[in-house]
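Read through the structure below, which is laid out as structure tokens, and then see the notes.
Chain naming follows the written order as A, B, C and D, and within any one chain the residues start at number 1.
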Amino acid sequence: MQLTDTEKAMRDGSGGEAVAAAMDLLIRYGEALGAERLVETDNVAGAFNASTPSVRKIAERGMDEVFSRLNLDSDRTVEIPRLAARTCQLITGIDDQNWALQGADPQMIEMQRASEAFVGQRGVNLMATCTPYQVGNVPTFGEHCAWMESSAVVYCNGALGGRTNVEGKESTGAAALTGRIPYWGYHLTRNRYGNRHIRVDVPVRSMLDWGLLGYFTGERVEENIPVLEGALAGVDLVTLKHFGAAAASSGGVEMYHIPGHTPEARSAEDAFGPNRAEEQHVYDAAARKQMYETLQSATDRKVDFIMLGCPHNSIEQVGRIAALLDGKRLHPDVALWVHTPRAIRTVAERSGYVARIEAAGGKVMSDTCPAISRRLPPGVRVIATDSAKQAHYLPAIAKVQGWFGSLDACIEAGLTGIWTGDF
Amino acid sequence: MQLTDTEKAMRDGSGGEAVAAAMDLLIRYGEALGAERLVETDNVAGAFNASTPSVRKIAERGMDEVFSRLNLDSDRTVEIPRLAARTCQLITGIDDQNWALQGADPQMIEMQRASEAFVGQRGVNLMATCTPYQVGNVPTFGEHCAWMESSAVVYCNGALGGRTNVEGKESTGAAALTGRIPYWGYHLTRNRYGNRHIRVDVPVRSMLDWGLLGYFTGERVEENIPVLEGALAGVDLVTLKHFGAAAASSGGVEMYHIPGHTPEARSAEDAFGPNRAEEQHVYDAAARKQMYETLQSATDRKVDFIMLGCPHNSIEQVGRIAALLDGKRLHPDVALWVHTPRAIRTVAERSGYVARIEAAGGKVMSDTCPAISRRLPPGVRVIATDSAKQAHYLPAIAKVQGWFGSLDACIEAGLTGIWTGDF
Amino acid sequence: MPTLSTPTLIRGRRVVGGRAEGEALVTTQTISGWGGINERDGSIIERRHELVGQSFAGKILVFPGAKGSSGWSAFFHMTRINGVAPAAMLFTRTTTKMALGAVVTRVPAMTDFDADIFESIRTGDHVVVDAEAGEIHVTRARAN
Amino acid sequence: MPTLSTPTLIRGRRVVGGRAEGEALVTTQTISGWGGINERDGSIIERRHELVGQSFAGKILVFPGAKGSSGWSAFFHMTRINGVAPAAMLFTRTTTKMALGAVVTRVPAMTDFDADIFESIRTGDHVVVDAEAGEIHVTRARAN
């Protein structure tokens, strides 16, 4: 892999030990990929804090060691300087405010906070969300990024026209220190064109609709790049956020095109570029129903826990939940958690939404989510969620039954304690 | 102007009085423009709260009247229902937390809060910033929006490929109630192509560079649509935010193209579409120096007040200021205010940036800005700012002298009390 | 061109309907709302504007159109509330700010003229605006 | 195709260098990190996976590649820390997750083979991986 003179100097120690270790990792990684060279990036999103029990032993030896071992794959502990690239923290393990409600150990929240102080001092913006684009990290068209989190990657590439691969803990650590990432995969225009076609024959407009379409899309195209056309409406940040997360969960979709609604797709022809659709898939009413059924992993209609906000909810979604719960009370046997970035919770408090949700018995949570933290209210056996991604992952992770449906169906279940669903 | 059956029904009262008044206004407005029809929008950003002395008398008679008179141009007070479209509050008049520091009257902050409770109840997301795209309202490609705030409009159109005109207080009120806005101007693809060319011969990379280029661009092209090519680097949300705000201030730029970096400009040819560049302008070192000089309106080098964050700063910008001030103390005669959306302040607090800025003697402010609130620390005679827009407007509004330059120059002036500038 | 005795007829498009007449106040410079006018007395306050210090209250305002912030309509709306709005607005550049501002100021307004209004009308001329008919009648002032 | 006595040679591209040998564990299904493996004992835990319950610790893992969350590399990194990493990784689909995971697991890894490794290698076969030379040698197990 070719290196510029600056990159060679970094490898050889011009930026200090941590930068040298980072460049060493990037070189090994780039060569593993078969990349020609590195590309400059000033937009890194990763997981830099210490927030899980498995990290505790390392954290006791200091935060330089946590970063060195887990974010750089370095056996030797190096001193971590101020980061070179603009870097933000994605989802974390513990809700900084509601950790007790989550059942987290006070020592763990202390560890998370100590690690945040360490990385914050070095320039990590502590957004603590899987949706950095909802908190001001909005890549511009063509901007080279190095992001973890599959739902964020697919949003960056598809909805925004930014350029990132699915990076990992170690590669984002290295990118943050050097401002470099392998020039491979989605950084190259020629790798971004569509190669699968999805014809949408049944109307898609609501959050539920877009989640089901996303889940179908991922199942059919796996890691390929779909171009979707047909009865599509209601495209905006919220529906694309859900669509992409679903497609990244059932398959490994990292890029997609919706002609007229995503920047690299003025038309289907534009989206395909020099490619042809190697496969065609049709999404019809039968497929939709089948996806809905696939996402159910429950039999028991009595529900204990409603999980809303995966990926993290926008302010508008929180507002909608507040309006649906206004003046009502959740069933005493049901816990309802609404997840949103901590920054957005501020807006939700000011707009009166948090008060309305809490008056109904619900909680507004931030920083993490049950699938990542593995923490749910005690004794939960049956969950319901409006997120296709959460429905895909949480039941296996938390060993619970799971229902999936619209927000309205989830709120109904929250009020009655019984799941009736959407069909 | 053609109306759909739904729109006629709204006009005739199917949605209640407020919706009828809103549709009446939209019809008069659409006909004034010569628009063929309305277009649906689910993304409105306006000014709905009561936060200035001029509104006080009306507010005393109730918030329905404030909305009816100022957001609907209705002489009759109508009861305002829950809004139909997703709506957010842009900049407001008073910093909800730091109102005393601003010298605001406690009665005024009570009025602002009461009005926020009223509109929050009806679905206005209280972001309270000129940069809704930094707080999760990120229009997708082609999304029809109805936004106020010229710096936000140009960001929506140019950087994101969303579609909005510069709306006003009354048209956003009407759009919020009906989910409609005239299909005119930037909603139409044919009106979005470039028609002016700017050749950039001097390197542009830093915030200062992009602000100067923006100011030049607006001066030369006024309300036309520039296509910029040349020695351009460092394109991201922060530089485009500054560029657009500057161009919207010196001229009335509402749309622009930077080939390879904005979604409607794969190339210059793509950006111009069927148009030709009707005028060519060259931005060279002499032009850059001239813009720098034009933005100075001060003679007295002793500085009282540093204004940072116009448009509102990103978390990364706040972090950079924290790093520059870390361990230092501002000159005792200088006040330094850093403006950022309240939601982003949350991230800044968590990342340790606010503590570092405050330890140096600075303040982190939200919700408003000195140009809008007309409030500065008492006795200020000479300001310095890193914002071309603030340098353009604040001196005349606050009757102060103004220096403009890089962030580094502003921090230097904050530490020494003396402006030395960048050249 | 208007002469001393015969009014000149200029046709244009109705933006806001109605009829008004009065003395013209003409500028070839766009006008700002925020920072451009004093909404309490209807005067231009922008330092570098050729009409700085003059009031458009009750005048037939002839200008290219709006400039500046998105609060333009709100500022002109305030001039109406304060009783110092122009009597009519004749402009040449249609923008959303200008159109909305004319609508909420609720005075007769027209654009898209069949002649150059900056040539045909001078400050002080007597102008009759009949927006419904899409016509303006300009009588040259003796001093002009 | 390997026979009982003669090892088959397959060439490919080095992803992570080094040499390893051992018993193959073969699947045509991609493997997840988060929710897919137990990083403490190196076993597959994904309910619907054909290898569910089996451990790849010390085995020559032959699979298409990585699936699932971006924490993939971190999970396999943990298997090394816990001493239960595979002995080598032979995969067919190059992705960032897979490449980074191989690098941080620090075991010989190869891809881009000149034969179909799912035809040529069966679970239980003895495999020698020489990533530096870009070669693997497969000896068919008697039972296969």
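We take it that contacts are C-beta pairs under 8 Å (C-beta built on N, C-alpha and C of every residue); 3 or more make two chains touch, one makes a residue touch a chain.
Everything numeric here is computed off the predicted structure, so don't read it as measured data.
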| What clusters of chains are still held together by touching when chain A is ignored? | B, C | D
| note | Cα centroid separation, chain B vs chain D, in Å, comes to 54
| field | Distance from chain D to chain C - Cα centre to Cα centre, in angstrom | value | 78
| field | Rounded Å distance between chain B and chain C, as computed from the means of their C-alpha atoms | value | 28
| said: Please list each pair of chains that are touching. | reply: A-B, A-D, B-C
| note | Within the complex, chain C is touched by chain B residues 25, 28-29, 32-34, 47, 54, 70, 73, 148-150, 153, 165-171, 182, 184-185, 223, 252, 393, 396-397
| query | What part of chain D is in contact with chain A in the complex they form? | reply | 13, 15-16, 35, 46-47, 67-74, 77-78, 93-97, 99-104, 109
| task | Can you check the complex and tell me which residues of chain A touch chain B? | result | 42-43, 82, 86, 88, 96, 116-117, 120-121, 123-128, 131, 133-143, 159-161, 234-237, 240, 260-263, 314-316, 319, 323, 341-347, 350-353
